[in-house]
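Below you'll find the structures, each written out as structure tokens.
You will see chain A twice below: alongside chain B first, and alongside chain C after that.
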Partner chain A sequence: MTTTSTVKNGAGGATARRAFLSRWFDPDDTTLAVLLFLPAAILLGVMIVYPVSRLIYTSFLDLSLTSGLPARFAGLANFRQMPDDPVFWQATWNTVLITLITVPGSLVVGFALALLANLPFQMKWPVRLSLLIPWALPLSFAGLIFGWFFHSEYGVVNDVLNRIGLPTVIWFNSPRLAFAAICLAIIWKASSFMAMIILAGLQTIPRSLYEAADVDGAGRVRQFFEITLPLLKPTIVVALIFRTITALQTFDIPYMMTGGGPGTETATLAMYIHQNTVSFLDLGYGSALAVVMFGLSMLVTALYLRMIRSSGAAS
Partner chain B sequence: MSTAVASTLNSVLSGKPLRAIAALVLVVNGLFPALWILLTSFKTEAELTQKPITWLPHAATLRNYIQAFSDQPLLTFLFNSFMVALLSTALTLLVSVLAAYALARLNLRFRGLIMSVIIAISTFPLVTLLVPLFETMRALNLLNSWTALILPYTVLSLPVCTLVLTSFFEGIPRDLENAAMIDGCTRFGALFRVVVPLSAPGVFTAGILAFVNAWDEFLLALSFNSNPGLRTLPVGIQLYQGEFAFPWPVISAALVVGIVPIAILIVIFQERVVSGLTAGGIKG
Partner chain C sequence: MSVARISKMAGWLFGCAAFAFATGAAAETNLKVFVTSQGQPGIWRTLLDQYEARNPGVKVSIELGGTTSDLQAQYLNTVLTAKDSSLDVLMLDVIRPAQFAAAGWTSPIASDMSSYLRAYAEANTVDGKVVALPAFADSMFLYYRKDLLDKYRLQPPKTWDELADAAKKVADGEKNPNLQGLSFQGKAIEGAVCTFLVPYWSQGKVVTKDGKLDFDRDAATKSLALWKGFADSGVAKKNIAEVATDDTRKEFQAGNVLFAVNWAYAWAMSQGAESAVAGKVGVARLPAVKGGEQATCLGGWEWGVSALSKNQEEAKKLVAYLSSPEVSKYVAINGSLLPTYGTLYKDTDVTKAVPWFADAQAIVETAKPRPVTPRYNEVSEAIRTTVNAVLAGATTPADGAAQIEARLKRIIR
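After this line comes the complex of A and B, so read on.
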């Protein structure tokens, strides 16, 4: 691409300046690529690469700001501490459980919402809005709102239960019930994003396929299992992996709804990392926990990349 | 038996009343929480503690809104959230436009690898960076500033914006750029005078995604800016909660104030948000 050096005859100073610029600044593709990626690379370097290496380094230190002692190399001590830490196991188990419950949960609810939203409505905007608002509502707001929905005395959930003749439930005193309430809130929040992606997938399926199936006498249910589901499979797989990665990072909703309580029964790994570093100021142990979570997340990401590669979307 | 079930389902699914029910289910599911908060924001504290609870406020009052603004510096929270989101959106767009142009137009040898790196970054668990980013910000003397949030938020939105913009740029014919360069534009000139204006819908889409990301973020905002004058809305909302009291009507009013701007943005740009979400969601 050297067309930049073409200059019209008899043009004024501006063109001359441009000609000068392009003569002196006519980078080949490699130079140009480096220049174009430079701002992104600097940002990523300062905001991710350096912090990650720092994180790994800190995870080997005995660095607790409450002890007042200077940082000391501790080898694998922080990692050895984890197997004997019941809260670590609890938080990890909760994170895994949240992932196992809310990922399929939000897929099923999201799929149902997408199928409903795909009906031929005359007005499309109320439907679209009802899917977009939950997506755009900050997670922390959603946590706060759902915390109040499940309030034992003034919550709307108990009000509905009472109205249909069921007893009042004190949600946040029981670990199991608090956990269930958190999962419901996460499923509500995440299902609209799922629905949006599945809806977009639904709309790419050619109508002619369904028309042909109609001619062949296949009902809606068979059409769903033999046309819709197989064609949506790649979309669903990618959405599922993406949701899994976000579920592993769950923080805002349980933080706002229960603060991890009762006790540490509903704490997630992300919350435990936050607690160790921000409240206990034990940066060494907090960093080691973060390294474990980082590894877990990278594992899922590797799987994600493989799937995208094999489906050819990244090329 | 199963054919009977299937045929019943088929007849129900093709009926017209279904559409009305479907619309109702969708709207109630999507909007009930926001609607409930809106209703609560008009109730008095006394009405809130009545049993059984009331759904519609008996005597609607605006007092909660006045209190929301006077109890805490709500206007400051709003301003901080807005400025942090706006500035990080601007920075994200600038950086991702450049990267996306390289990905869309240059024949790069490592294009596949770069794409993989971008997707990997989009899955990054932010909480793992809490400590090292905190130390980085302290070293750069940026704690308690908008910049302490703007920079990480930019990185947070960079992957999805780059992916959305790349696919938009790929749709712009190269001939238009070549024509501009024959007329004397440099490559950067052609990018900003031809490619970016023609991709305006894509730039909007990416911009909204970046804005919503920054507007919603809670964890870093909670940890990096402890100065009351620099708190963002999600962090500031927590302050209404007293040690024993939980003034729900006032908190609801503050939440409504926080939801309205983003709701307006979404109503105006709904089509673009949908296309951006799906493009970004499916690819990254």
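After this line comes the complex of A and C, so read on.
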């Protein structure tokens, strides 16, 4: 009895409020649509459209704080500077290489970790906690730790090598070894993120599918390729988009581990942008480089989205 | 209580709070000083405590940032580009006052510079205006183990070749695998710029003349080859490309280095309670290349007043104190930071605490400044990353010299 009356009162209240509101404010459908869309549009404008347009605008300026001169429109001068800039090419190539190595690397390791965490352990939390720790660690801190690990004198890696009778390696003297050490650190850091997303995907797959497969006599391997992998495809693509974009923006780990060294052999595009803007105070060129990186990220995202669409059409 | 009364009371209360806040702020000036973390902040804190005691109503806090000169510059670049007014006084590496003044980040200070050492009076004067005041002088010196040189009857080397020979002789005699012949800065930090310039200058060459690039590629190749040679021949250790300024200081202090290239600050610590080499340290002029002149890099730090500071007058007063002869003497004795006043080099209190300062004035006075340009950060980057790449073995000295030349041509036109 009480319940019904509350509902009735509540409904009555709502009706009265609506009547009151409509006296003051009675938009047609189009206006309402525009109004409902407005908060999102404002948010998008403030958070994305303005900063990006500002960035693109700055990339056309000759704006260097060390020159003491006011900003001047320079057209495409900043972009024309890039083809002749060897550090730009090196940094871009390093960034692409880091992406090509660490994205598949962290996917494979992350997948394995997710499968491990999905096993029917009695105690699930220690496994999941250990998955979470590398992800929760700040990037620069991870870089710092791995920098210590690979330090030629004090590092644990050389200590292990020496203990098993191998010679000391000066990791950061060799561009290749320094690069490998950086990729290893990134894979370590990024795998747990991949694992968590994939683990979430794994848990949405109904157990009944595997039970049915068991009845039909399908082995574990076949179950993996026929059930797990196809059903995880959308999850994997989402994880890959996130990972690829962060890989293109790689900064902290190489910055802390090698500072881009030896020389500029392990510098990334994000580090080069930072250097031009923060150290050299050349905001025009730095912005132009950032526009290039932004374009690269957009391109990659578009490719992935296309992949999702085509895979969606196939299934 | 009527609405009008409540609002009246609220207004009254608000007024009181604002008044209290305003008078509180007027009674006390809070200044924030940016000090480099390797610039011995503890010593400056003591001096700031004294300043606070003498100036009631002024509170000074220290902000630390970055472990190397370039990281500190990056930090200040970020803060000042963002027009942040929280820092009032900035400790700046001697290479930066010109650059900060060009960016409009420091306020001009009215001061007579004639009592300071000439190099610092010049480094802090831009277009006839004093843009910062000297904190302490510095230059690179050769630290050596007096006990070991005495043991093998060796003199402090006058040329880099003599140094290599001495290192070899001591290494052969000592048979201590932990003892390095020479430690210097090979990491891609500001110190590596000096690493490059010292033998380059020693050959009588300059980087810029009348603001134009005057680069000698052969001399640059020889300079890079000299340092790489030390690493290859085992005089310096193989991972020298990982070594920063304070690594050199720590290793020398631990007794693992025969010769070390370092700044004046390393002295006080090498004589401290935690030093394995207290009483066994000698300091000399940096060696020359064969047939060349002995040359060294001018260092030192300056006090600038941030143009964005809201306490201009108080900040300038504080800077004048921090740059005074009294403070210069205190930091010379307690931190082995070289004085910026010529007279203090003969002061008996100073020479008692740091005996080698008696001979240091001549060295500081002949030390060469790094290229002066508002685009110094780019110059520095081009040189230090190349030094690092050569020492790591990623580039040859000849290629490295060509790279430096190509990059400097784009920067200094």
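By our rule, the second predicted complex is superposed on the first by the 251 of 315 C-alpha atoms of A that agree within 3 Å, B and C clash if a C-alpha of one lies under 4 Å from a C-alpha of the other, contacts with A are read in each partner's own complex, and residues count from 1 in each chain.
By our rule, a contact is a pair of C-beta atoms (placed from the backbone, for glycine too) under 8 Å apart; a residue touches a chain by one contact, two chains touch by 3 or more.
Note that the structure is predicted; figures quoted are calculated from it, not measured.
In the overlay built on the shared chain, the residue A:48 is in contact with chain B alone; chain C does not reach it.
Contacts of A:264 after superposition on the shared chain: chain C is touched, whereas chain B is not. Look at A:208: by the touch rule set out above, it reaches neither chain B nor chain C.
Applying the stated contact rule after C-alpha superposition, one finds that A:281 touches chain C and leaves chain B untouched.
Set side by side, chain B and chain C differ in how many residues of chain A they touch, and the one touching more is B. When the shared chain is aligned, chain B comes close enough to touch A:248, but chain C does not. Within the superposed three-chain model, A:173 lies in touch with chain C and out of touch with chain B [touch as defined at top]. In the superposed pair of complexes, A:294 makes contact with chain B only, with no contact to chain C. Once both structures are placed on chain A, chain A residues 153, 278 are touched by chain B and, in the other complex, by chain C.
Contacts from chain A toward chain B in the complex involve residues 1, 3-4, 6-8, 11, 15, 18-19, 21-22, 25, 27, 29, 32-33, 35-37, 39-40, 43-44, 46-48, 50-52, 54-55, 58, 113, 116-117, 119-121, 125-142, 144-146, 148-149, 153-154, 156, 159, 162-163, 188, 192-193, 196-197, 199-201, 219-222, 235, 238-239, 242, 245, 248-249, 251-252, 270, 273-274, 277-278, 283, 286-287, 290-291, 293-294, 297-298, 300-301, 304-305, 308-309, 313-315.
Remark: chain C residues 70, 73-74, 77-78, 81, 99, 102-104, 187-188, 238-239, 241-242, 374-375, 377-378, 381, 385-386, 388-389, 391-395 touch chain A in the complex. Interface residues of chain B, counted against chain A in their complex, comprise 6-7, 9-10, 13-14, 18-19, 22-23, 25-27, 29-31, 33-34, 36-37, 48-49, 51-53, 55, 94-96, 98-99, 101-102, 106-108, 111-112, 114-116, 119-121, 123-136, 151-152, 154-155, 158, 162, 178, 181-187, 189, 212, 215-216, 218-219, 223, 233-234, 237, 248, 251, 255, 258-259, 262-263, 265-267, 270-271, 273-274, 277-278, 281-283.
Interface residues of chain A facing chain C in the complex, by the touch rule stated above, are 65-68, 151-153, 170, 172-175, 259-265, 275, 278-281.
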